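Consider the two complexes below, in which chain A is the common component and chain B and chain C are the respective partners.
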Partner chain A sequence: MIGSLYIGGDSLLHRQPAWRKLLVLFAAGIVLFVVQAPEILAGAAVAAAAILATVRPPLRALRRQLTGVAIILAAIFAANAVFADWGTAFAMLFRLSTLVLLALAVTMTTRTSDMLEVVERVLQPLERTGLVNAARVSLAVSLAIRFVPEIFARYREIRDAQAARGLAGNPVALIVPLVVRTLKSAEEIAAAIDARGFEGAHPSGSASGRTGRQGGTAS
Partner chain B sequence: MKTQDIVLIALFTAITVVLGLMPPITLGFIPVPITLQTLGVMLAGVVLGAKRGGLAMLLLVLLVAIGLPVLAGGRGGLGVLAGPTAGFVLGWVPGAFVSGLLAERLAAAEKRPARQVVAFFLAAAIGGIGVVYAVGIPWLAFVAGIGFKKAALGSLAFVPGDLAKAVVAALVARGVHRAYPVLPGR
Partner chain C sequence: MLEGVSVVRDGRAILDSVDLTLRERRIAVLGPNGSGKSTLVRLLNGLVTPSKGRVAVDGHDTAKDAALVRRRVGFVFQNPENQIVFPIVSEDLAFGLKHLKLPKAELHRRVLEALERFGIGHLAERQSHTLSGGERQLVALAAVMVMKPALVVFDEPTTLLDLRNRNRIRAAITEMPESAIVVSHDLDLVRDFDRAIVIDQGRVVRDDRPGPAIDWYRAHFG
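Showing the complex of A and B:
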């Protein structure tokens, strides 16, 4: 498993349902691009930072998530300050900061499983058209999460073996066996899943079955 | 779509996450550190083909959206997708798709080794650089309000590293295709 960015807690934000937070975030994204006044956007940025603070995020997590975007925001600020004017530059800085801070607050207070539930609900109308199948999406998500540590271990094993052969630092000699071994393992994993009677991959699946042609169209 | 396709997609998403875990490489003549994550984007297309490659990247974007730190440097979550460079991540989906499409048409059935490597390189570069930037740059220009030209200029620093990755992707694709081909041909 890989750890999620969720931070446990009991803040007001933690207690909101995932869909409500996402809806507010989406609405905030639209409103922020309509508002032009730097003063109002500055207030919004302060408010967003305050909201994120109520979540009590660890500093390390904040630094990891925000350093990269801070550099980009600084570059954008500089470009706008030079080529436009200070007002535009500050408005854009506060607007983008607000958005990133709010989005981070949502991510840090919402469990991965709750987020996935919203995704599944959004996908429901698409499922009726036969384009997607929620059972398959969930399977794919859990498989990917499950196999990251395994593939990472495999990578380290191959890296050590290639280093012993004098091939350290040759990315092709490292990645070809990594990919080939991983592709080969897919066969076994798929057989194991089918043996357990996973229904999502077949048109007759009861998990998806409403009308006859479900799922079959996507194959 | 068979169970095995779903497994292949999920495993390739995992490979791309693992490539992002590698420490970034700094080369003297390239101004920004290179992470290997976008190598995974190119590889998804040229190894799995258009459809499964694109879906593998869509799955990766989904993992980002639900709050998993799957991007290089342990980043992830909605903050990434709300940020000004979100287009460069979302562009991975059509990028891998186009890489796959080109690989299927140009490289899958090519017998001559040198030509096949060149075809894989073109597929990786056009999808993994051309298409990704074609989404990322206008996105950045619009969201940051800095105009297309400046957004493109700022992204230029990443091109040398990406070209180097397309070369690696082409060589890897050829190696994988010889050992265990899963790329649909036509």
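Showing the complex of A and C:
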């Protein structure tokens, strides 16, 4: 499940600024795709695992993050072994493993807000063209990370409620209330962001692009 | 201050010609479901603008100076789940402060100070979705208070909470030095307030000390 993967700590990686970690990750991604030798890539994977180990991630969190990835990597490895050759398959396996481990090390040691600050800074030149609002993009990313676990919890709640009514296998009974509830909370979230004075939209404006709604909520 | 405020939605009057001057330190807003209580308090933060009339906070028109008004008026919603927008608690508190362009150390100090104020300093690094209902409401409150508003509006802050957490929020509201306007069905919470306003069908039907106002409310809507 998506959510913030950040784990508090004081490792060397924790102390690095977010931009530096993201830059190194970006550069590592390029280098890894240039290098073809499986032996070198295997060394890189071991090094990435060692870097991740310095963060001292909890084993449970690590298992949760890596199980799904391991299945995908195994499938890619098998496909390459069948349709290409063993050398290509191993190179691909080590290359992707290195990237995943490095990315995990970065996300486990970087707060979402620090990462979003970098995103905002990177997008700022585009902001001048009027095509992108960096603050809005960064808020949208944060909201996605924040609310995916909530939507998943809501999904489980509705699934259990429908199962109790004998509608366990009915996708409509599951999807319709989930969409309705999500949209309803989206409206409330927008109001909450407005209420907290988010000025990403325009200097005196509101996140949802409306400074106050005509009409109201009756309660 | 609300002057001749009406709010109309889909042709229906949610609020009808409301005139109020709100100066007391603790004000309760009571009323049955659908009476217009939430709309009334949302006007104070500029979340809703009047269809007719004028709402001003410290002389600032909420329709024209929404950003300025929101710096003075904090708003705590009924469901804190929708109010916390960042994955980590301390990040969420820092969200509002970021726009004040404070130095990082000052920002960090204010975040911790706000959390400690409500006895939840230990939650600073917790993931927002793992908090209990009471913890979420306290985090939402801390996220509002970190901005140092002069007035805090609470829209049914204890409705979704169990007794223990309800008491925590009650204590937080009672002890805070800032002015507060509280929409609530929790009559015990507002009993010691300075003023209680009862709303029904979009109109102020009683404006009194909490004791007589609650008795009147019970007699008419109980």
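The criterion applied here is as follows: the second predicted complex is superposed on the first by the 137 of 219 C-alpha atoms of A that agree within 3 Å, B and C clash if a C-alpha of one lies under 4 Å from a C-alpha of the other, contacts with A are read in each partner's own complex, and residues count from 1 in each chain.
The criterion applied here is as follows: a residue touches a chain if its C-beta (ideal position, glycine included) is under 8 Å from a C-beta of that chain, and two chains touch if they have at least 3 such contacts.
Computed from a predicted model, the values in this text were never measured in an experiment.
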* After lining up the shared chain so the two structures overlap, which partner does A:I193 touch, if you call chain B first and chain C second: first, second, both or neither? -> both
* Looking at the overlay, what does A:Y6 touch: chain B (first), chain C (second), both, or neither? -> both
* Asked: Touch check for A:L143: first (chain B), second (chain C), both, or neither?
  -> both
* Asked: Which touches a greater number of chain A residues, chain B or chain C?
  -> B
* **First, second, both or neither for A:N80, with chain B first and chain C second** => first
* Both chain B and chain C touch chain A; at which residues? -> 3-4, 6, 111-112, 139, 143, 145, 150, 185, 189, 193-194, 198, 218-219
* Asked: For chain A, which residues count as touching chain B in their complex?
  -> 2-6, 25, 29, 64-66, 68-69, 72-73, 75-76, 79-80, 83-84, 88, 92, 96, 99-104, 106-108, 110-112, 115-116, 119, 136-137, 139-141, 143-145, 147-148, 150-152, 155, 171-172, 175-176, 178-180, 182-187, 189-190, 193-194, 198, 200-201, 218-219
* Asked: Considering the complex alone, what residue numbers of chain A touch chain C?
  -> 3-4, 6, 8, 111-113, 139, 142-143, 145-146, 149-150, 153, 185, 188-189, 191-199, 203-206, 211-219
* Structure fact -> The answer for chain B against chain A in the complex is residues 1-4, 6-15, 17-19, 21, 36, 39, 43, 47, 59-60, 62-63, 65-70, 73-85, 143-147, 150, 154, 168, 171-172, 175-176, 179-180, 182
* Given the complex with chain A, which residues does chain C contribute to the contact? -> 7-10, 14-15, 33-39, 42-43, 45-49, 51, 62-63, 65-68, 70-71, 74-75, 77, 79, 81-88, 91, 94-96, 98-99, 125, 127-129, 143-144, 147, 155-156, 183
